[in-house]
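Following this line, the structures themselves.
Below are two complexes that have chain A in common, paired first with chain B and then with chain C.
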Partner chain A sequence: MTPVLEIKGLRKEFKGFGLKNINISLNSGYIMGFIGPNGAGKSTTIKLIMNLLKKDEGEIRIFGMDNIKDEQEVKNRIGFVLDENYFYEELTVEEMKWVLAPVYKAWDEKTFKKYLKDFQLPPKKKIKELSKGMKMKFSLAIALSHNADLFIMDEPTSGLDPLVRSELLDILSEVIQDENKAVFFSTHITSDLDKIADYITMINQGEIILSMPKDDILNNYGLVKGGKELLDRDIRKSFVAIKENQFGFEGLAKDRKQAKKMFGDKVVIEKPTLEDVMLYYVRGNQNV
Partner chain B sequence: MYNLVIKDILVIKKQFVFAFAYILLIIFAFQNMGEAKFAAGIVAFTYMLVMTSCAYEDKNKADVMLNCLPLKKSTVVLAKYISVFLYFVLGTAAYLIFQYIIGSMGFSIEIYPLTLQSFVGGLVAVSLLSGIYLPVFFKVGYMKTKILNFILFFGFFFGISFLIDILKDYQGSALLKNITEFLQNKSDAVIAAVILALVFIFLSISYYISLKFYKNREF
Partner chain C sequence: MNIIISNSSDKPIYDQIAEQIKTHIINGDLKEAEMLPSIRNLAKELQISVITTKRAYEELEREGYIVSVPGKGSFVSAKNKELLKEARIRIVEEKLLEAVSTAKTVDISLDELQKMIEILYEEG
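Now for the complex of A and B:
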């Protein structure tokens, strides 16, 4: 099966920052959460996928096609939601739709009208008069109304209240019921992904540090808490990172079962959240 | 493509009121300007609208959105050039309509009818200004073109009288004589056609430079 999105050996250099050898693969029927702290390279990766930035090296294939050579064909099948509003604020919702609809080969007016109604978007209102949540919903309505097969979302939930965020996540879960669709969703709010993601790809300082099924992370990784006397050089190496204070340590182990075998009842082992995993990977070892 | 042109009009629809008012003003004011009135009016009208539409592109960071759509970069660039000429046509139509209305109302002002000469003059001026401005806009965006914008606009008005002075100095030169002789033997229509052909070539070059710049730009 050809992946919907496949990135191989992607590189892009900036002054003081660079994406180094990014590899990502996403099949249809799945939601991939793309997480990392601010400035990790999430938006840069998405901009490279959308050909808003020029890559230095590597290959980006979407629906098996090259993202630059077959740019129009590929973009016809992508629904995008960006981190902020890039629509013409002076236009009304309806006017903006007039501009966008003819651009897509498979524009579906009925679906668009349905979403306008569901999202309670007033067609005659100017985009600048919409709240941040409403702007995001408008963006989503456009993304969902042209029979896209891949949805690319760059921090769509940032700055939204929990209610709108939850609504967005529900819609994405609904979209993915169709097994021919896939979602690539970047965020730094990891709790968004607890609910909906199938795969997690984590990026930090321009490098992919982890890319695997979410359930594998949550089922295998373990947050180990115990006394400092248990740590020696070899044991330290078996952790992703360790946080120490005067009372003891807390560390992220890749294999919960192995940690249990190693420490027995001397430690407490908990299931980590995605946020724990991200923090340990990003911060590294810490002495408090 | 047409939707991008309409988009420009929708975005700057408020500016049209000022632009039409300006055309009206120019018909009443500057009585001693003669036939250059139309050129002065249409250049300001078109330039005002093009600048505003470019400013809104920047303000809304619209290039990010436009480049996420299944649109060719050439379509985005060409739509801006077409917009310029649509404004030119609208401005010309407004000039003719206002002129007719004012004429029939019997105001005691001198009304200069639109001649082929002033029409071509206006078209050349608008083409030159836009043809220089747009490639720079497509390379760096509106904010960084503000100084160029100022230089171009005022340079245009002062530049023309400067150019005429220079031409006067060289009145006797062989090259100018040859050109004058060539033009004297031709009818107005032929001269207009030659000028329009030159304008078209200039704009085509400008368009290709704009497209090259826009294709290399990152958003």
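Now for the complex of A and C:
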């Protein structure tokens, strides 16, 4: 099966920061969460996918097509939500829609109306009068109203209250009821992904740290807590990273079962959250 | 059909789902040839990953509880009585094991435990 989104050897250099050899592959029917701390390279990657930035090297294929050569065709089938606003502030919601709708071949006015109602977006209100959450909802309504096959969203949940966030997650699970559709979204609110994401790709300092099924992370990794006397050099090496305090240590192990075998009842081992995993990887790198 | 998953359990979610569907099949809540919810629908309803539900169904298929027909869906397989009986025995063993280990923590002897089971068995 051709991946819906495939990134190979992507590089982009900036002063003091760069994306180094990014590889990502996503098949249709799945949701991939793209996580990492602020400044890790999430938005840069997404801008490169959308051809809003010029890459230095590498290949980006969407629906099997080149993202630049076939930009028109590719973008018609992408529903995107970007972190920064790209609307005309002086227009009303309805006027802005009249600007955007003709851009898409498969614009679906009925669906758009439905989302306006669901999201309680006032059609006559000017964009600049909308709150941050409202603008996000407007972006979403546009993204969801042209029969896109791939949804690319940069921090769609930031600035939204928990209620709307949960609504969005429902919409995304609804989207992939159709196994020909896929969702790629970045966030630093990892609890959004603990539930519905199928795959997790984690980025830090411009590098992909891991990219795998979420279940494999949550079922295999373990948060190990115990006394500091248990730690020696080899044991330390077996952890992704270790945090120590006066009364003990807490570390992230890649293999929970192995840790259990190694330490037995001398430690407490818990299932990590995605946030735990992200924090340990990011902190671990800083320690080196 | 109820499926209740716990996020705090150490048991993987796919395992929890598979176990509960097995129980429903053994109890007869799910009848022979009955259609199961689609993996995508189940994932959506339970707010979990499609990969998780897929894995649960694969597990059930491997153990012979269900059959999946591409393009049609997944169905409870024709009853294999031996298989179901075995599964029931395994559940009994698991529960007994739990009872035994709890008994040991409060120093109940094997004799006492046997007597307890006898009484419970007669009453049931």
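Here are some notes:
Throughout what follows, the second predicted complex is superposed on the first by the 283 of 288 C-alpha atoms of A that agree within 3 Å, B and C clash if a C-alpha of one lies under 4 Å from a C-alpha of the other, contacts with A are read in each partner's own complex, and residues count from 1 in each chain.
Heads up, the rule we're going with is that a contact is a pair of C-beta atoms (placed from the backbone, for glycine too) under 8 Å apart; a residue touches a chain by one contact, two chains touch by 3 or more.
Owing to the predicted nature of the structure, the values given are computational and were not obtained by experimental measurement.
Per the definitions stated earlier, placing chain B and chain C onto a shared chain A by superposition produces no clash, and the two fit side by side.
In the superposed model, A:30 lies in contact with chain C only, and not with chain B. Contacts of A:21 after superposition: neither chain B nor chain C is touched. Ranked by how many residues of chain A each touches, chain B and chain C are led by B. The vertex angle at chain A, taken between the C-alpha centres of chain B and chain C once both structures are aligned on chain A, is 150 degrees to the nearest 10. Of the two partner chains placed around the shared chain by superposition, neither chain B nor chain C is touched by A:147. By the touch criterion defined above, A:52 reaches chain B but does not reach chain C.
Of the two partner chains placed around the shared chain by superposition, neither chain B nor chain C is touched by A:205.
When the shared chain is aligned, chain B comes close enough to touch A:75, but chain C does not. With both structures placed on the common chain, the touch criterion links A:176 to chain C but leaves chain B unconnected. Applying the stated contact rule after C-alpha superposition, one finds that A:191 touches neither chain B nor chain C. Smallest inter-chain Cα distance, chain B versus chain C, after superposition on the shared chain: 29 Å.
Taken together, the two structures place no residue of chain A in contact with chain B in one case and with chain C in the other.
Those residues of chain C whose C-beta lies close enough to touch chain A in the complex are 7-8, 10, 12-14, 40-41, 43-44, 47-52, 55. The touching residues of chain A, counted against chain C in their complex, run 29-31, 169, 173-174, 176-177, 179, 194-199, 213-215, 218-219, 271.
Residues of chain B that touch chain A in their complex: 2-4, 6-7, 10-11, 56, 59-62, 64-65, 67-72, 216, 218-219.
For chain A in complex with chain B, the touching residues are 47, 50-54, 71-76, 78, 80, 82, 84-91, 95, 98-100, 102-105.
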